[in-house]
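Pasting the structures here.
Shared chain: subunit A. Partners: subunit B in the first complex, subunit C in the second.
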Partner chain A sequence: MFSLDLLFEATLFGILLGCFYAAVSLGLSVAFGLLDVPYVAHPALLVLGSYCTYMLSGLGIDPILCGVLLMPVFFILGMLIYRFYYETFEKRGSDAAVRGLAFFFGLAFIVEVCLILVFGVDQRTVRASYIGSSLELGDYRFPYRMLVAFVIAIGLTWALTIYFSKTFNGRAIKAVGQDEGALRLMGANPVNIKQLAFGIATAVNALAGAMLIIVGPVDPAMDRIYIGRTFCVVVFAGLGSMSGTLVAGLFLGISESIVLMTLGASWAPAVSFGLLLLMLGIRPQGLFGR
Partner chain B sequence: MDKMRRKVIGTTGAGLLASAMPAGVSFAQSGSIKIGMSMPQTGGLGAGGQASLLAIKMWVEDVNARGGLLKRKVELIAYDDQSNGALTPGLYTKLLDVDKVDLLFAPYATNPTAPIMPLVKERGLLLMGNFSFQVNANIKHDMWFNNAPWNDAKGWSEGFLSAGKAAGGQTVAIFAADAEFQQNLANGAREIIKSEGWKVVYDQNYPPNNTDFSSIIRAVRATKPDVVFVACYPNEGVAIMRSVNEIGLGSQVKIFGGGMVGLQFTPVMKSLGSLLNGVVNYNSYVPGMKFPGIEKFLARYHERAVVAKVDPFGYYLGPFSYSIGEMVEQAVNATKSLDHKKLAAYLRNNEMQTIVGPIRYDKLGERANPRIVQAQFRNILDDNEDQFKSEGKQVVIWPASEKQGDVITPFDKARKAT
Partner chain C sequence: MQSWKFFASCLVVLLASLALCLSGVNEYVFYAGFVILQFIVLATAWNILGGYAGYVNFGVPAFLAVGAYTAVVLFKFMGASLSMQIVCGGILAGLLGLGVGLLTLKLRGIFFSIATVAVVFILETCVMNWPYVGGATGLQLTRPSGLLLFPSYNRMLFFVMAVLAVGSITIARYIQTSFLGRGLRALRDSEEAAECSGVPTLKIKLIACTVSGALMGMAGAPMPMYMSYIEPTSTFNLSYSISALGMPIIGGTAHWLGPLIGALLLGGVQQVVSVTISNELNVLVVGVILVLFVVLAPEGILGLIKKCKNSSK
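So, the complex of A and B:
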């Protein structure tokens, strides 16, 4: 059954879904898009953020506030991860990307196994007043949890865009992936800048992880579901573009939502990768890549 | 990494078993009897798999405390298949060719079990099934015996659909995960729907592990169905119920549910809380059903499950998983043999006595005396785990032999019923 009403509703929901996709991809956009580090452990740290939120929310703290409180901790964690990666892999040679891939896959498995050992394999959820209810506008209903994801995605994208364009460190992070030598001539240490960027990417994961468990239940193996989709959003956007990540997320979310409503849910996963292939064929640098 | 993890989990399991052996038990015969299996201990089926494995380990401990099988110690080798059916043929080949196991138990659930059926048939091996669904329907292996309380696909959804029909339902919406189990289940429902002349207004599959169902529920609502039949796995159940609550199905819906795996697991039920109210769903056991020995088992299981951080009550899988061991024990003791053909012949021709009641098998190794129930959630509160121990929270509406009450319809009314 197809109607314009349904199409309109699917588009509106696609916007919310797209913002959710963008928010869970922003950290990867920084680490992989700007720094060219194969950060495949990104979804695992996202899930770690969800579990940390789950723990803190058990103390009666709102899940979003949990995500905000966890950001400094994840910032330090990200810096430590990068420092370890740099000392053991990146510093040593030209095949750093391949070995780095192994390192981050290993990290993802370690995070997953640790979560299983500590929390078990059961799904975990959090409770909040905005989870399980929806905003009713006439005949339309919009889940508050998706509206929360929408606001967080817009807020994070805005904050990162401002940071990367208006501050010295932000501009240095954008520069480090392009020309480390030139950055060094400007008096900045590329390794420290990358470490800072990795800290930011991981801190973003804390808030995005909180959003993940707000949107739906999580289990330790959930990173496997998101690894393809987050990379897809980042590559589709054009590596390193924050606003591009938001637009790419919206594009995918709306497309998936409409396809799901019209052709059926089985086609939805094919949308991400179909669009990615199309984009790589037409514009290999992505929507906003140079 | 995966292999290492499986090895660690397997070795740890064996170590735990060894340490759990009661002091003073000695075995007359040297050399242990090895039972091999894979089990989903991680991934989407991990929660159920770990609960099932705990119950099987309890049987191993119990049988060893009784002197083992054929006076030999029983040893369990269990690898984590990560809920991934692509891994199970390799794991069972390893169990047979490297570990040289004497007997095989199947992993929990359909999707990891289906891929090993050709292997066991080709090698002529006995396989004790563990809550699979129709994995032997096409293979027709005569040495397969499923512990699950169901038989064919129609029998599974019959109770749900007959309740919907009794409530005046004429149109039906179906959505099911695109996987072996859910599709078998949905096909059974489709057969009944066709034979009863219902009108199908929505029939879609979705990819397994889908995380948000808002769009699907929105599409279902637009078709205004009387009955909504869902076939899903645990990872999707919570997300579906949330979306149902947020988006709504429409006041015309009589009943909702049917084949939702996961709504039987205590952690899932606890996390959903009041969102469960009104849902009619299948189950294997709910409090109030009586079988000799089951309550004693469940009390022991509860103590162990809390420590092991698995489903604390384990109603759905625990007793049935334990019954696999009970049936093998009876067959081995009666035939005094580990010969797979002799054991299969015994299982096929005799009624097994277990803590989930007597079990008889048909020629395909499925239950000749199926006893799957459809129960309606009522008066469920938020954040209350202990409530699920009580009778009356899941009221059996079908079959008549187990009936505890009438179904409340429509769905909106049932959700508010106390």
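So, the complex of A and C:
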């Protein structure tokens, strides 16, 4: 049952899946990796993005376009969340870590339950011409929905890498992640920069949410399994590295796809959490850690 | 509170719950009461690590489920008695706590919390793929007939849970007032400073992990018998985490009374909401109240009472 051919197919599928995992983790890589905010509500907002896409696509808009349209809304939402977090927790200083964690955990549950109350627990999907069909190359079949996610994922990672290394604001965000005090001495306001970064992280999450519902059906409790996947990718990558996020996503995607093909779907959820726990136990600073 | 007063009130509570069990009160009281008492144990156990030491455990259902599934295996394998199920469930969950503590020694803040979430999902996947305990579909259990002097099985479970609740509060109170509590508080404020001042941070952290895990496991062990059924999705549900963490934070994490107050209040509200409106809404209630308290009253209800007393002086 186990052959090289199967392994090759699993790897190919894993690469597509991995790029998708990298894309859904990019926002967290900025919010948690660069800014050190315990953002456990990230997967819940990802699923919220999916449901917003579902609602908009009901009007006949293409799901990818929905994701792009949602980005400004999520950008503002992200800025508001960070401002609120800063005013209530970061500013107060001591013991804020525990409460900040509890706050984001509570927020995740509120989002999840609200989605259940509005949409019910059923799975939702969107329709588009590229969902359901697949590209056939020789013996291998690549579903277009995965290819779409793959292209967007590569594009997003590339755009963020360029943004963080070439633009003024991008570099400022990297700087605030490294040394907040020094930034303040240079006459910049770290809080505003962090707020901008958080907005970007959440905006990226909106597009990632659109991809999530393109790749497969979505239900409100899905954020729980994505806690494992997104944090696994971010911790593996070493906090805050965009290209590292892509590599870590690929690693997770390939491992998950190999487990899927050899042991079966029932073991798949343990892969991301297992890798995460292993990484936290052995090398918490990640593969590309500072 | 003075020791003799504390133990006297413990005794009174136990006698009162025993009397309640033997009286002719409606059976539903025990059904709902069991859940609230279970939350008292979970909240108190969570607070030993989360409140005193500042390590936020999101993995409450993992420990709970280890207790529950240990009980199921023992019951199915050799028809073990309830007391044995609880003791073994506690021991195994305690070992899991020790293991989690050892694995995550160097982890702080969110890293520790995420690691505990990972433990929940890994164990859930294992149980799902373990046909002996019912796998993903679950397992129906027949309650044994031994009732001692109690009129019904639910009443007996209620009393057992009351004993566990009183026991866990006694342990939490002891930890709070002993060197352990002082050490944990020191380590919460600054781990380096505590270590430098001669606090054996590693040792007391592991003790706290183990005790907290064991108590959660003991709270989980009677669960299969309570529902006569066990199934992984509801047993490993993360809503246990939000309740077990919300209750101490709402009550106040600094004192053993905090989790008790939080669990009584929130557990009561949850029972009312899930009966009158819906089950989903009761998680929402916990989430919203938790966020409100975290933002507006970080010290919880105990903190509010203290503030009122100070301002009236």
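The rule we apply is simple: the second predicted complex is superposed on the first by the 268 of 290 C-alpha atoms of A that agree within 3 Å, B and C clash if a C-alpha of one lies under 4 Å from a C-alpha of the other, contacts with A are read in each partner's own complex, and residues count from 1 in each chain.
In the analysis below, a contact is a pair of C-beta atoms (placed from the backbone, for glycine too) under 8 Å apart; a residue touches a chain by one contact, two chains touch by 3 or more.
The structure presented is a predicted model; accordingly, all values stated were derived computationally and were not measured.
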Touching partner for A:I116 - first (subunit B), second (subunit C), both, neither:
both
Quick one: is A:A265 in contact with subunit B, with subunit C, with both, or with neither? Answer first, second, both or neither.
first
For A:D219 in the superposed arrangement: first (subunit B), second (subunit C), both or neither?
first
Contact-wise, after the overlay, does A:F273 reach subunit B, subunit C, both or neither (first, second, both, neither)?
second
Look at A:S133 in the shared chain and tell me whether it touches subunit B only, subunit C only, both, or neither; answer first, second, both or neither.
first
In the superposed arrangement, which partner chain does A:Y21 touch: subunit B (first), subunit C (second), both, or neither?
neither
Check whether A:L101 is in contact with subunit B, with subunit C, with both or with neither, and answer first, second, both or neither.
second
Once the two structures are fitted together, what part of subunit A is touched by subunit B and by subunit C alike?
105-106, 109, 113, 116, 225, 266, 269
Give the list of subunit A residues in touch with subunit C in this complex.
32, 38, 40, 88, 92, 94-95, 97-99, 101-103, 105-107, 109-110, 113-114, 116-117, 224-225, 227-228, 231, 235, 266-267, 269-270, 273-274, 276-277, 280-281, 284
Which subunit A residues qualify as touching subunit B in the complex?
1, 3, 6, 9-10, 13, 17, 105-106, 109, 112-113, 116, 119-125, 127, 131-134, 141, 143-146, 215-217, 219-221, 225, 257, 260-261, 264-266, 268-269
Within their complex, subunit C touches subunit A through residues 50, 54, 56, 58, 103-104, 106-107, 109-111, 113-115, 117-119, 121-122, 124-126, 128-129, 136, 188-189, 238-239, 241-242, 245-246, 249, 280-281, 283-284, 286-288, 290-291, 294-295, 298
Which of the residues in subunit B come into contact with subunit A in the complex?
1, 5, 41-44, 46-47, 49-50, 82-83, 175, 178, 201-202, 204-207, 209-212, 214-216, 218-219, 222-223, 234-235, 238-239, 242-243, 245-248, 265, 267-268, 271, 275, 309-311, 382-383
